[in-house]
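The data blocks that follow each hold one structure.
Note that subunit A is present in both complexes that follow, paired respectively with subunit B and with subunit C.
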Partner chain A sequence: MARALPATDVVIVGLGWTGSILAQELTQAGQRVVALERGAWRNTATDFPTTFAQDELRYHIRHSLFLKPAQETLTFRNNASQTALPIRTWGSFMPPNGVGGGGVHWNGQTWRFNPTDFRLRSHLTERYGAAALPDDMTIQDWDVSYDELEPHYDRFEYLCGTAGLAGNIAGKIQPGGNPFEGPRARGYPTPAMQQPFAPTLFAAAARESGYHPFPQPSGNMSQAYTNPLGVKLGPCTYCGFCEWFGCGNYSKASPQTTILPVLTRHPNFTARTQCEVTRINTDSTGKRATGVTYIDAAGEEWEQPAEMVLLCAFQIFNVRLLLLSGIGTPYDPVANTGVIGRNYSYQTTSGVDAFFADKNFNPFVASGAVGMLIDDFNGDNFDHAGLGFVGGGFMGAAQTGGRPILGTLTPPGTPAWGAAWKQAVAENYQSSYSFSTHGSSCSYRGNHLDLDPTYTDPHVRKLLRMNFDLHPNELKMSAFLTDRLGEIVQKMGPRQLVKHPRTGPYSVTPYQTTHLCGGAVMGADPRTSALNRYLQSWDVPNLFVMGATAFPQNAGYNPTGTVGALAYWAADAIKSRYLKSPGPLVPA
Partner chain B sequence: MNPHRSGRWAARITAAALLLMPIAGHAADPAQVAQGRYLAVAGDCAGCHTAPGGAAYAGGVAIQTPFGALISPNITPDPKTGIGGMSDAQFLQAMHEGVGRPGHLYPAFPYPYFTKVSDADVLAIHAWLTTLPPVRYKIQSNQLPFPFSIRASMRVWNTLHFTQGRFVPDAGKSAAWNRGASLVQGLGHCGACHTAKNSLGGDETGSPLQGGVLDQWLAPNLTGDIHTGIGGWSVAHSTSQMTDQDRLAIATYLKDQPGQPATAPPAVAGAVMQLGAVVYDQQCAACQTARGTGVDGLAPAFAHAPGVLAPDPINLVRAVLLGAKSVATDTAPTGAAMPAFGWKLTDQQIAAVLSYIRASWGNAAAPVDADQVHTLRGSLTAAAH
Partner chain C sequence: MQVVAGGWMFFTPEEAALVEVLVDRLIPPDPATPGGKEAGVAVFIDRQLAGPYGSATALYMRPPFADGLPNQGPQSPLTPASRCRQALAALDRHTSDAFAGRIFRQIPETEQIAVIQRMESGSLMLNGSNGRAFFEMLLQHTKEGFFADPIYGGNRGMAAWRMIGFPGAHYDYRDWVGRHNERYPKPPVGLSGSAT
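Right, the complex of A and B next:
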């Protein structure tokens, strides 16, 4: 039996990027905030110091920073004809755990989505006609526009100190930046990072091909930066241990390096770590959340009553808590009704490996978000007429690390071990390079999340079941993007080039990306969305759900910039309207 | 540091706040109360009287002295466990004479400095303290072994080390100098740490403010010495909370204090410099930069830094062995920290890298001895268990 704690104004489930942003905004607005985090507290100098942070075996191979599948996992199947089985070792994606969440171990790639991404179905229908979209494709508009989000993108980028070169300031195209991006009110807070050799060569080849290369926007600092909260970040040393790792140099934007030093000083803020929320509680009407129930590290069960509940966990865990708590109607892919679990989407990545005879790329001079890219084939930046697919992605040369265990690219035909393998690694370490594309992922009826009928977690609660496969639209898109990338790389003069377009069926085994999206999406219609345009539950108005859970489909960009912008957008609506008059912010 | 602690602190602070009932304000002059608050912050009463995670000014901080531990008392206005029943006259006597309700106070409470604070300032502090929320929290202050546990023993100590009397301005000096002197010698009680102590815990009167070691920390030289003191500092770099005017006054006074004559340090052996450079490049340069410039607000600069050049390198050795964390404030909240290297570097490596830092980028200070690292490693490890 859960023991009840004193009530608070706001309870936050998960203390990563969105939980930290909402906690900071709402404590500043005078609210008493309790954040519950199932992982441990983490500080830069004690938990990922420079003295041992750069340990590929510990962090990349052995997943030291991530959730343990024994704590919670999910089951997976490609489609309804299969029986889903539990994922016992993470592969395709890496669910975060602990204070800072994915903000601790991300690469720092800090993008804005394109203006047309936010009204995708309307835009594509207007340009190509409704018949261009497959019947089972469930993409939809977000009911928030790029222009509405622009000030909130700006806030997130200035919080993080994002390093980049603007391509469009107030409608004026800027030389050297991304000319396809939506207009921004001002430039990036810090200059773009210094580019290594391979990205520089790629940019020259792309320019020669008539494309528009620009430096990748980066949450890793090109120089020291003090953010608007007064928190300082240090310059990146290009050590090349970003994704999978915490940054010991205070150089990567994370909740630890941007918000938590200020938030933890606030007397209205309380964090409880190693506390796993098991349920969102509602009153007898089911229309009002009364708080949450959680289990602490000692196995004790507690009830934390609150006036408002903010779900800020990782995408799939937000969806699972909604399903386990009976909030909203679960999605039925056969009838195409219900909203919880609907429109799960991912990211469609691919690559081109190239082997050169005469280059020393120094791949170890790296950072999670250093590289030269083009956006000419992202979103609807190019004419899709006759191509047989919609969507796109950015592509280019991003140098995230030349680490000793996995940074060992060898040409096809090389043995997997032994003297010949060692010789090939030694010959190719400096002169090979993996170029990449980062493609969009549309949503479909068959791609959804529900509760598994068989498997449960240690608290005997049903696991989430992921139903997902790659559709012809994404496979055609990936082949197209990979071909365009191959053409540019060919201009760089490799002796051998190997293309790896994404192929089906989707597998949860090889790592692709942790950009899981949707499942409780935002929109204008309660029949096709779980949340309104302010990320407020249509069914339970004192419940808000943050993060990529709200994306109706995923664009051809990393999601964190948009996750941050949506968090500030929702916080703004809560502060300026909801707190004054609690209730639905949009009439259902 | 326990990585979970920050979160728990936050939780405890909130829990403590919930337990406190708001009380009606004490009928006091608001200007006097505001002045009292400023002075109490400047004098850092909370440094000893607020425990980490505990209620403000409710005491309970263990102060380690060479004679044993003293626990700081509760100075909230709770009548039973705090100072609620204290009159203005009793408060003045405690601050000026070191005599409180239990009898003689121990000079861990720095009354030898507070005796210089004016009556008006002492009464302002008292007025402000009485406006705080009372917290019922009983402290057993005196946990010293015999004979120090006998409070009357402080009579003897007082005759040796204590001179009662208010601050007297020097008519030959500027108003800023005198204001600085009154803060340094009085409320700021700077010498309590920054002046070396004799065997009885009294000040070494021959070398005021030239640095002292307490509880295995060096409180560095504050005098106008160019190399090891603050003689080379711009007066803009002072600490937080005080008004700029008071900080400038303190700097004016301190920079006018005599230091020791400079002597050329012995040269560092070439092999030590080579080892030190290797360790520095591999372990330190990522944060401190290759040229030792540091990053403003995150990692301190090493060139011409008095803390780096101090004759006793104990603070440097300590930081490398255990790590270090800068203090976070409302205006500088980052609180950046340095990881511990004690588990990773040998005594020789630590001595070499510190010797290298103390002899590079224009620095010139005596090399650090591996034996000193070894000794400190042993005592700090013993203290941690």
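Right, the complex of A and C next:
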């Protein structure tokens, strides 16, 4: 039997990016906030200092910073004709764990989505007609506009000190920036990062092709920065250990480097670590959350009553908690009814490997978000008429590291081992390069999340089951993007070029990206969305669900910028409206 | 100074001798760079299998176990340590049967290479199952040991990093971002700080 704790105003489940942002905003507004995090507390100085952070084996290969599947995993199948099996070791994506969440080990690629991404179904229907979209494609509008989110994107970027070069300030196109981006009120807080050799060559080839290269927006600092909370970040040293790693140099924007030093000084903020929330509790009407139940490191069960519950865990775990708590109607893909688990989407990545005779790229001189990219083939920035697909992605040369266990390329035909392999690795390490595309992922009726009937976690609670496969729309898009990327790379003069478009079926084995989206999406209609435009549950108005869980489908960008903007957007609505008059912010 | 690991933590002496031959076939020595054995790859694998990785403490190991589809990921009920131990024994049994009582390390190098190639292609059965799974695990462990920081026992003298020109745990490349198409000249440095 759970023991009840004294009630608090707000309980937050998960202390990553969104939990930290909401905790800071609401403690600042006078609320008593308790954050429950199932992982450990993590500090830069003690958990990933520069003395041992640069360890490919420990962090990348052995997944030291991530959730352990032994604690919680999920099962996977492509479709209902298969039997789902548990993901026993992580592969395609890496669920985060611990204070700071994915904000600790991300690359820092900090994007805004395109204005048309937020009204995707309306926009595509207007431009191409409803017949252009497959029947089982369930993309929909977000019910929030780019213009409404712009001030919140701005807040997140200025929190992080994002380094970049604006392409559109108040409607005026800026030289050298991304001309396709939505208008921003002002430029990035810090200048773009310095570019290594390969991105510089790629930009020249892209320009020559008539495209519009620009520096990748980066959460790694091009110079020292003090954010509006007074927290300081140091300049990035381009050490090449960003994604999968914590930054020991205070150079990568994370909750640790931007918010927690201030948040932890609030007397009305409490964080409890190694406390795993097992349920969101509701009253007898099922329309009001009364708090959460959690299990601490000793296995003791506690109940934390609260006036408001903010679900801020990683995307899939938000969905699982909703299902396990019986909140909202589970999605039924056959009847196409219900909302919890609906519209799961991902990210469609691909690449081009190129081998050069006369280049030395120093791939280890790198950072998580240093690169030159083009957005000419993202979203609906290009005419899709006759192409047979919708969506797109950015592409280019991003130099994230030359770590040798996984970062060595050999030309096609090279054996996987032996003397010839060894020689090819030695010859090609400095002169080969992987270029990439980062494509969108539409939502479909069959791609959804539910509870697995067989497999459970150590507390004997059902695991989440992922039902997901790549659809012809995404495969055609990936082939198209990869071909365009290949044409540009060819202009750089490689002796050999190998294209790797994404192919089906979807596999959970090779790493692709941790950009999992949807499952409790935002929207205008409670029949097709779990959350209203302020990320408030339609069913339980004192419950808000943060993160990419709310994305109705994923755009051709990394999600964190939009996750941060949505967190500030929701925080703003909670502070300015909900706290004054608790209840639905949008009539159902 | 050289730090030498003392004794095997997981492997029996027989297993260790077999693994030292295997890693030298996968990464053979050449005049410029040592092979897997001299680089300490077998020591690396031994330490990994003796530790939490070998016993799968982080992995989801709850039943039921089923083979599933390749794109559903590994589903073995065995830990990496058990899988390795069983496969090594099966490999010696196989060569003993096929080469008149000689275990793997006693057959000629060309035959050893041919056996590894048959594991790679999936045509060699070990313990009644396809040898490719063991081959993939062994090759992955071998490359990890060759390229990981020397604190784990492999990549002795940072030989693998020297081979490709990776500077290791170097802290600050700010002066080098703008030096395009120029080879970085400094020797590698490991987490322990040694640049020798």
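To be clear about the criterion, the second predicted complex is superposed on the first by the 588 of 588 C-alpha atoms of A that agree within 3 Å, B and C clash if a C-alpha of one lies under 4 Å from a C-alpha of the other, contacts with A are read in each partner's own complex, and residues count from 1 in each chain.
Criterion: a contact is a pair of C-beta atoms (placed from the backbone, for glycine too) under 8 Å apart; a residue touches a chain by one contact, two chains touch by 3 or more.
Keep in mind that what you see is a predicted model, and the values were worked out from it rather than measured.
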Fit or clash - subunit C, subunit B, common subunit A: fit
Subunit B versus subunit C as contact partner of A:F269, first or second or both or neither: first
Touched partner set for A:A132, first subunit B, second subunit C, both or neither: neither
Dominant contact partner of subunit A by residue count, subunit C or subunit B: C
Touching partner for A:I169 - first (subunit B), second (subunit C), both, neither: neither
Which of subunit B and subunit C A:N43 touches, first, second, both or neither: first
First, second, both or neither for A:Q194, with subunit B first and subunit C second: second
Touched partner set for A:N362, first subunit B, second subunit C, both or neither: second
Subunit B versus subunit C as contact partner of A:V99, first or second or both or neither: first
First (subunit B), second (subunit C), both or neither touched by A:G230: first
Touching partner for A:T51 - first (subunit B), second (subunit C), both, neither: both
Closest approach of subunit C to subunit B (Cα atoms, Å): 5
Subunit B and subunit C footprints on subunit A, overlapping residues: 50-51, 235, 237, 239
Subunit C-touching residues of subunit A, taken from the complex the two chains share: 50-52, 54-57, 61-63, 68-70, 73, 76-78, 82-89, 91, 194-197, 200, 235, 237-240, 359-360, 362, 364-365, 370, 402-405, 408, 416-419, 421-423, 425-426, 429-430, 454-456, 505-509
Residue ranges of subunit A in contact with subunit B within the complex: 6, 32, 37, 40-47, 49-51, 99, 224, 226, 229-235, 237, 239, 248-250, 261-262, 264-265, 267-274
Residues of subunit C defined as touching subunit A within the complex: 25-28, 30, 32-33, 53, 57-62, 64, 66, 68-75, 113, 116, 120, 139, 142-144, 147-149, 152, 160-161, 163-174, 176-184, 191
Touching residues on subunit B, where the partner in the complex is subunit A: 1, 3-11, 13-15, 17-18, 283, 286-287, 295-299, 323, 325, 328, 330-341, 344
